[in-house]
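Per-chain residue numbering starts at 1, and chain names A, B and C are given in the order in which the chains are listed.
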Amino acid sequence: MNLTLKIWRQKGPQDKGQMVEYKVTDISEHMSFLEMMDVLNESLVAKDEVPIAFDHDCREGICGMCSLHINGEPHGPDRGITTCQLHMRTFKDGDTIYIEPWRAKAFPVIKDLVVDRMAFERIQQAGGYISVNTSGNTQDANAIPISKYNADLSMDAAACIGCGACVASCKNSSAMLFVAAKVSQFALLPQGKVEAKDRVLNMVAQMDLEGFGNCTNTGACEVECPKSISLENIARMNREYLKASII
Amino acid sequence: MSEILSSSIARKVAMALSALFLIIFLLIHLAVNLTSLFSADVFNQASHFMGTNPLIQFAMQPILIFGVVFHFVMGFVLELKNKKSRNVKYVNYNGAANASWMSRNMAISGGVILIFIVIHFLDFWIPELNTKYVLGDMSGMHGGEFRYFEELQHKFMSPVKVGVYVIAFILLALHLAHGFQSAFQSMGFNNKYTKFVKNLGTIYSIVIPLGFIIIALYHYFIQINH
Amino acid sequence: MTTLNSRIPEGPIKDKWTLYKDHIDLVNPANKRNIDIIVVGTGLAGGSAAATLAELGYNVKAFAYQDSPRRAHSIAAQGGINAAKNYMGDGDSNYRLFYDTVKGGDYRSREANVHRLAEVSGAIIDQCVAQGVPFARDYGGLLDNRSFGGVLVSRTFYAKGQTGQQLLLGCYSAMNRQIARGKIEMFNRHEMLDVVKIDGKARGIIARDLITGEIERHSAHAVVIATGGYGNVYFLSTNAMGSNATAAWKIHKKGAYFANPCFTQIHPTCIPRSGDYQSKLTLMSESLRNDGRIWVPKKIEDAKAIQQGNLKPTAIVEEDRDYFLERRYPAYGNLVPRDVASRAAKERCDAGHGVNATGEAVYLDFAAAINRYGSTKAKISGNQNPSKEEIITLGEAVIEEKYGNLFQMYEKIIDENPYKTPMMIYPATHYTMGGVWVDYNLMTTVPGLYCIGEANFSDHGANRLGASALMQGLADGYFVLPYTIGDYLADDIRTGKIPTDSPEFDEVEKSVKDQLDFFINNEGTHSVDYFHKKLGLVMWNKVGMARNEKGLKEAIKEIQDIRKDFWKNVKVPGDLNEMNPELEKAGRVADFLELGELFAKDALEREESCGGHFREEHITEDGEAKRDDKNFAYVAAWEYTGKPSEAILHKEELEFKDIELKTRSYK
């Protein structure tokens, strides 16, 4: 199929960017979206133009690197997938596709479609861990039984790949789903309870400092999340936060 | 105050608490107004009680005003901050793909409701205060009868007024349709009862505004038929 | 020829590690803060090492080419992690894990290393649980285990189908704690481009900031390389797009020997290639072979019709199907080990029986399993005369419960419903057992230069068992390297900070800059990917699943030609001082073009069939792999002398004192 692409080009963090139109031809419907981008880039190299920079790595939906805002939605129109898992059969011959980087004040553009997600790193560093040394002398793994129900919920929260689609989809650029996923994972496990109070207070404080917006419970993040992380996690974080700040 | 309300979650919770308070207020307000459909007397008595009871006038009323003002001010403060957190806008943003219109436009529905409330203040509340506390007429009487029912009917004579009223309450319905369950979510309530809360919210968001609209239309139509 | 000193401690195998730990030199806590360590790569091995070294008190500088350590390709591991916990009470022990790993590796790994791996395996699980890794649990709240190929016990711990992700996030959280304490300085979006040696010791690296393009000098008292495998030498593999061998290859060129490059694992159950635009291959869990039957059409004309899209697989009757694994290996059937299954599929496809448009795919059919499960389910629920449709509906539900997520993933990629029509699979490069040679301390042949995780060669021999890669990465990083590196660093407590303005740094930085300048200024004609794809094709066709002398010799020649062409005609657009993905790729492919040749040379030299290395000349009468323990029970460690073709072979003879060498048979 033949497609018209409108892609955000921006040379560097300080430069002004703009949408640039490209045409691609003979795109197979079996291609993944990023393979279509590869084809475009190869053609740009052939024409001595600078190829379009975009983040990608594992190309199987788990590393969380890929981050394209496609036709108005993060990771495109399909559900429960990342950009690299999106296939061209989702589109029709002759379609115009808008491709933009994640947009948020806390995610400044580095180049073209690549954004800086260091804000997420700093939030994790503020408390996204359990303080235990790797001495090899921790207690036996089975010393504390954990209910399967809670362990499974914890796993569901931990499935977050940190791609930032929640922020990108949210009309407020809120990072609550991302932060809530980590807070929830640990809040549901006995090992995480010891530091639960400091963790939630510090992570939320860092989140606010980074300039993310506030949650208005639109639920867009849950819909766009490639791992379908539930909004319940945000409620759990709110609860944890209230507990930590009131008691 | 500003210290407590500096964090994003605290602000959310404050929004939710003020919302729940207003939700309860709406229910009482509707209950009182509904009596006007059945009996002018009951309505008059209820109105007189609400208008003169010191507990309601000097305790509940200031709290209500504070609640209303807080909910609006905080709502707009958050909206501004949220807008600023995306400094470069998307060229193509398909918000409808993943969230409902109501949830994305609480500021718009809220804004319309605010305009209505301002009108309501000018139209009802300020004259009321003037009568009671400036002129000192606490009797609630006008021409030997309770004035409340008559004043109510008077307000629903103009089709324009009724139209504005109806539109405001449709926006209120949309606001509540998202706001009701959102308030619970913000306070950390999301569990197996959430489905029930959501359904309750949907029912509430339809029944309450519909009740107000019916009252307005009822009084409008019985008056033009006279 | 020099002999390699593998520094295996004395004593019985069970006690080696304990005795070793009791007698090594230690660095006191006050001195640790005067010592810097560079860790390159932050997957399971590098991440766990960085976190642990920082906890111990060293100053760690960690480097990742992605924007976060959480994105390293360890994250893609699905199945699980082995540990000899014996929670199931099925007779597991450290010895059994050790034995299975050595045997599974076709007796080409170092006994002492593997035993140590088995010894620390239990502590990994304890550590991860303490870190909040949400492993799967049973209804009693205790950890659940599953079984994996090639072993007789259930010792695999898992977290849904995302075990690698959860373990990596555990490690990442441990790193975050140290970053917050200031003990790890994290360099995201940085790529190491060379190592700096001073007086023969590794003392620093040259790295490029991938955002600004700036070339940076970083010094340390020791350098740890944990940059993963070199599977992308094939262009198409299950590795991430950015996975590369540059760090490993650059240290090889600076004196670290490279061991057994020809030992590469080809995984049988990957989603086949659909066209020339394909950028990578996706793995599907091996567990599918428990219920799927693998077949191709018996008649070549049927295969042709399917390839052209004129025939549906479901239209082929039972007699016309060739269940080739069941035919060749009646005892193990569809459950033969990875290397055997992969070769058998390739053999059928090479004979023209392949099934998708490319002719490179075989069917993995669940119809029989659906029928079997459906009938049983119907019987259990009291339906004595179920209709065909009822059986299928019930059977599909069982299959969905077991493999639902995999089927869904398949359908997303291929756009065919695998419940109704057989899946198509084909082998793909998945893991590299070979890598930088290290001694028992995980130190390379360059003092102060360490190599851990998939990047080294140590524990898997010629073939890796499922769920062992995660175990090795974390064992190296959490529990082995932190001890062994101290033994070396104990001599460095008085050295002081290593300056970066020395001539050694100048020289290496200049060579790095020269290469980058060359790429940008070269007036080439073809993109980097053009050369990478060409290399991949040669590697896959001639140094892939089955190799022979003629093909390998041709491959060496062809790779040399591609390399020559590359250095003449490669075209890299953009600038040096900006984010430039093409420039990054160019450097990586330049290294693959050398590594590929050494790979073929090693494969040519190893005149036996063993694990992932299959030489067509060395087969038994019935076409199976024939190992030669008499002549090839050694590690081939290659020393770089200027060209891959002139690399010098050093042999580390492997001694098997605790395990008897046996032939693997799956008939």
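We take it that contacts are C-beta pairs under 8 Å (C-beta built on N, C-alpha and C of every residue); 3 or more make two chains touch, one makes a residue touch a chain.
Keep in mind the model is a prediction, meaning the values are calculated, not measured.
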**OP:** Name the most central chain, where centre means the mean of Cα atoms.
**Re:** A
Original post:
Which chain lies the greatest distance away from subunit A when centres are computed from Cα atoms alone?
Top reply: B
**OP:** Round to the nearest whole Å and give the separation of the Cα centres of subunit B and subunit C.
**Re:** 63
Original post:
Using CA atom averages as chain centres, what separation in Å is found between subunit A and subunit C?
Top reply: 26
Original post:
In angstrom, rounded to a whole number, how far apart do the mean CA points of subunit A and subunit B lie?
Top reply: 38
Original post:
If you look only at subunit B, which of its residues touch subunit A in the complex?
Top reply: 6-13, 78, 81-95, 97-100, 103-104, 106, 178, 181-182, 185-191, 194
**OP:** Could you pull out which subunit C residues touch subunit A in their complex?
**Re:** 48, 51-52, 55, 66-68, 70-73, 75-76, 85, 87, 120, 123, 125-143, 159-160, 162, 165-166, 169, 172-174, 176-177, 179-180, 186, 188, 211, 238, 240-242, 274-275, 277-280, 282-283, 412-415, 478-479, 482, 527, 529, 571, 573-574, 578-579, 581-582
**OP:** Could you pull out which subunit A residues touch subunit C in their complex?
**Re:** 11-12, 28-32, 34-35, 38-39, 42, 44-46, 48-51, 53, 55-60, 62-65, 78, 81, 85, 87, 89, 110-111, 114, 116-118, 120-121, 124-126, 128-134, 136, 138-142, 145-148, 151-152, 154-155, 158-159, 161-162, 185-186, 189, 191-192
**OP:** Flag every residue of subunit A that touches subunit B in the complex, lowest number first.
**Re:** 6, 8, 19, 69, 71-73, 77, 98, 100, 103-106, 109, 169, 171-174, 176, 204-205, 207-208, 211-220, 223-224, 231-232, 234-242, 245
